[in-house]
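Each chain carries a letter (A, B, C, D, E and F) given by its place in the written order, and its residues are counted from 1.
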Amino acid sequence: MDTHTTLQLLLDAHRLKRTPRTGWVMRGVPDGESVADHSYGVAFIALLLAEMVTQAVDRAKLLTIALLHDLPESVVGDLPTPAMAHFPPGAKRSAEAAVLTELLDGLPNAKRWHAWWREFEEGTSVEGQLVRDADRLDMLIQAHVYEKTTGNRWLAEFWPPDGESPFSSSAAQALYEELQAIRQRLA
Amino acid sequence: MDTHTTLQLLLDAHRLKRTPRTGWVMRGVPDGESVADHSYGVAFIALLLAEMVTQAVDRAKLLTIALLHDLPESVVGDLPTPAMAHFPPGAKRSAEAAVLTELLDGLPNAKRWHAWWREFEEGTSVEGQLVRDADRLDMLIQAHVYEKTTGNRWLAEFWPPDGESPFSSSAAQALYEELQAIRQRLA
Amino acid sequence: MDTHTTLQLLLDAHRLKRTPRTGWVMRGVPDGESVADHSYGVAFIALLLAEMVTQAVDRAKLLTIALLHDLPESVVGDLPTPAMAHFPPGAKRSAEAAVLTELLDGLPNAKRWHAWWREFEEGTSVEGQLVRDADRLDMLIQAHVYEKTTGNRWLAEFWPPDGESPFSSSAAQALYEELQAIRQRLA
Amino acid sequence: MDTHTTLQLLLDAHRLKRTPRTGWVMRGVPDGESVADHSYGVAFIALLLAEMVTQAVDRAKLLTIALLHDLPESVVGDLPTPAMAHFPPGAKRSAEAAVLTELLDGLPNAKRWHAWWREFEEGTSVEGQLVRDADRLDMLIQAHVYEKTTGNRWLAEFWPPDGESPFSSSAAQALYEELQAIRQRLA
Amino acid sequence: MDTHTTLQLLLDAHRLKRTPRTGWVMRGVPDGESVADHSYGVAFIALLLAEMVTQAVDRAKLLTIALLHDLPESVVGDLPTPAMAHFPPGAKRSAEAAVLTELLDGLPNAKRWHAWWREFEEGTSVEGQLVRDADRLDMLIQAHVYEKTTGNRWLAEFWPPDGESPFSSSAAQALYEELQAIRQRLA
Amino acid sequence: MDTHTTLQLLLDAHRLKRTPRTGWVMRGVPDGESVADHSYGVAFIALLLAEMVTQAVDRAKLLTIALLHDLPESVVGDLPTPAMAHFPPGAKRSAEAAVLTELLDGLPNAKRWHAWWREFEEGTSVEGQLVRDADRLDMLIQAHVYEKTTGNRWLAEFWPPDGESPFSSSAAQALYEELQAIRQRLA
């Protein structure tokens, strides 16, 4: 990838700083986080999950996945979840995969990174699974923060039903239970 | 449509007040307009265009189309233009049509309004064409306002190339030329 | 009205997109809606009310009134309600009427539209009354949304006292009662 | 004035922190200053002007006037200048005077402070004149800052025509000329 | 101080309008007040406290202190309270004193104003103590307003423990108790 | 580190999402980026720099440093550069080091991560140097974006003087030159 193309990729990725997370916007959260904010949160959580799990984790791969996992949103935006029911099955994943291919085109590791991104989408490696857990956990921490700081009453639907766990790792599950404890205490 | 369902429709449409127009967001405009802001602008411009054209215009139909034309975005959001190249052809229109069907379900005029919305999408009636013109003109007035008030240099691509007219009606074309004159004068 | 004057009117009306609704601002709602947001809501509600009532409604007139009803605020702003007690009786209405005359000056339908606006102000036609109902209902839906999304405790005064109805039409009254039911359920 | 009434006055004055200055809002300045921001600027400038002038200045009176000069806007808001042409002559001043009377009612110095406020409105004392100068100068400094930080092209009308001075004191005039020099240098 | 330097001081002080109060920002308050907003509140409260106390108060001195008390934050910003534990004891006060010296350098009253500012920091004069009381009271009024308007649950720590008074004057204490009464009533 | 402490660390780090970057705030950029936004940018740039350089780079270490490099700002905030001249030499670094020790306390890799953070602060490893380059480059890309999107004229001082390079790696230098080319073209 030549310098010109690399800088274009940086400018594209930079757009995540001004891409709002749609879920909060639609529920009336003022000044909500950006996709870059969220991606930072995911990467940081993944870094800590890797310290907590007993499996071997390739940290370079783990953090690369975390940084790439929402990169396609710099082009397609953060499509609202209710919209999905009205697009052909798989249309979002295909669009994001195509965007990722274009964005990474020319990078030495393009193929590898694209494969890693699919492992995240499909949860087919320990690193992909940990980033999925971090993705979910960052969303719930953010929901908690908005509940406490803005009094928003429309965020309950983000929380998993009692007794259900959306996490692969027991580390993420334990952090989630601790979060629920704090959340209830201040309810 | 019973009262409960009608109120749900109002609450859905209300979401347009907090749905940002993506084109401005991606180009770094702070505190950009909402889809409801834009829809008001479109309806108001359409009202004036109807005064300027020589054809017969059904104003009730015209304004209804203006109010409905972005209603599906209350569910699917304002999908960024660059995203479109990566979705199957027609996926956006199909999704919006399906959403509109769901939103209007049970209203006495649902079928008629849906047909009108298609006339807008396809430009197949004078009212549909005037709302298309108003849609384009409101976007350009907004681009002009952002250029003058925020100094944003990334909005040039919204403007049609010299000598090209994106408008059906000579009324909209005349207003556009006047806008260009003002825009140049203060450049 | 020549093209130049018409574009000036569009630019004036466009200012409603950046005119905040004062009632929310004074009560600490962050990033509150614009007058254009509100006007869109009023027009959309009026469109649905017309479907619900049994009287004959001139929809072109109805929607024109909805689009015009706050147009003078593009010049005088949204004067806070508590300010009114300190201005001479009728000063606000006179100022707004004078502004409207200036804004519409030269339009073929200026006189008719001005008369319609008075029907809204005075509630002297079915269309004027329905827009009044829509105006009130949009404000209450917005108050509800702010109560649920920002936790604001200072919006109670917007709600009519128990047993009082601020609406002319039973359609608006029914929607209001449904709104109250939702509001209480999540209280 | 009893404690309860005094606290109400503090809560009323506090509202100036969330009362936007309308002139900037109407010209598309995002996140513009509040009336409290402006009042702080005026008081601080007045404090320095008092150091620069040769006349005797009662600083307690000067700063009290600065803190009170926009207090009525906590109730009537910041009425846009173009609105004034459409209200009866003197209506704004009368409304603000009436509001001030109500706000200060019960304070030991109410009469004196009200008289001082009139000296500001009418420019009939050295302290009143210096606050007028500070009021104008703070507005121009703010216009300068918005021109440089937001690229807004619509603020030129705030600046006095070449060769005209809106200031009573030569101290304010000198600061203004210095400001113009900085403004031109970076144009 | 020559005109050029004085204008620089005004431009520096002007920065307080865009310096956010860190305590609110860290607790997720959207669009929180500026240091200039706060300084206006402090000056206004101090003005009223002077009316309520029985001691002799030099109002010119009192209001000057209020206007100067956070002026150094235009350079060093509003350092978060938790940061203080990690800086050498007195580092913040020394930095702010040095900044104040630089900012006021050349003003006829520089030394006197600096001495007054120390009286505020150390609470060693009646005027310094009243501004301290006003500083605290404005923060608590603001916390109350944010609790009521944003539903923020993280502001409890700003309130003094039951039975403890952070105020020097009984006037401020009485206003605080009245504020607590209002706060509880709407809890 | 037990689950409770780990969650506290996540909540602390989460605060970076609402910690504004002070340099932009002081220069009047509205809605500027957060420290988390910036940290995401730094990590992403570092990931690409590692692809461009010929040296061996430990990517897990590199990305961990990027995620940690501004973590102490979650407690001490983003201290403005002009403030530094007024604090004892080294006070900021000491405070941040102490905060980092507290934040990481109990983590298995605490010591290693702390050592890595020092390598960043002091530029004493290839990974530390690349994050320094990424830190600088992300700031300049952001300055470029704000110049183009807000018309801000006060950001010139962020750019290095002609002929001076603030970068260690030729990869970062090449990207910087490309950025300058784009910046000039649209000037």
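We adopt the following convention: a residue touches a chain if its C-beta (ideal position, glycine included) is under 8 Å from a C-beta of that chain, and two chains touch if they have at least 3 such contacts.
Keep in mind it's a predicted model, so treat the numbers as computed, not measured.
Rotation angle relating chain A to chain E: 120°, from a CA superposition, given to the nearest 5.
If you average the Cα atoms of chain B and of chain C, the two centres end up 21 Å apart. Centre to centre, using the average C-alpha position, chain A and chain B are separated by 32 Å.
Work out the mean CA point of chain B and of chain F, and you get 41 Å between them. Contact with two or more other chains is made by residues 28, 30-31, 145, 150-152 of chain E.
Of all possible chain pairs, those that touch are A-B, A-C, A-E, A-F, B-C, B-D, B-F, C-D, C-E, D-E, D-F, E-F. Residue ranges on chain D touching chain E, taken from their complex, read 1, 3-4, 6-7, 9-11, 13-14, 16-17, 31, 33-34, 36-37, 39-41, 43-45, 47-48, 51-52, 58-60, 63-64, 67, 107-109, 137, 141-142, 145, 174-175, 177-179, 182.
The part of chain E that touches chain A in the complex is made up of residues 27-31, 150-154. Contact residues on chain F toward chain B in their complex (touch as defined above): 30-31, 145-146, 148-152, 186. By the touch criterion given at the top, residues 15, 18-20, 22, 25-26, 28, 75-77, 79-80, 82-83, 86-88, 91, 94-96, 98-99 of chain D touch chain C in their complex.
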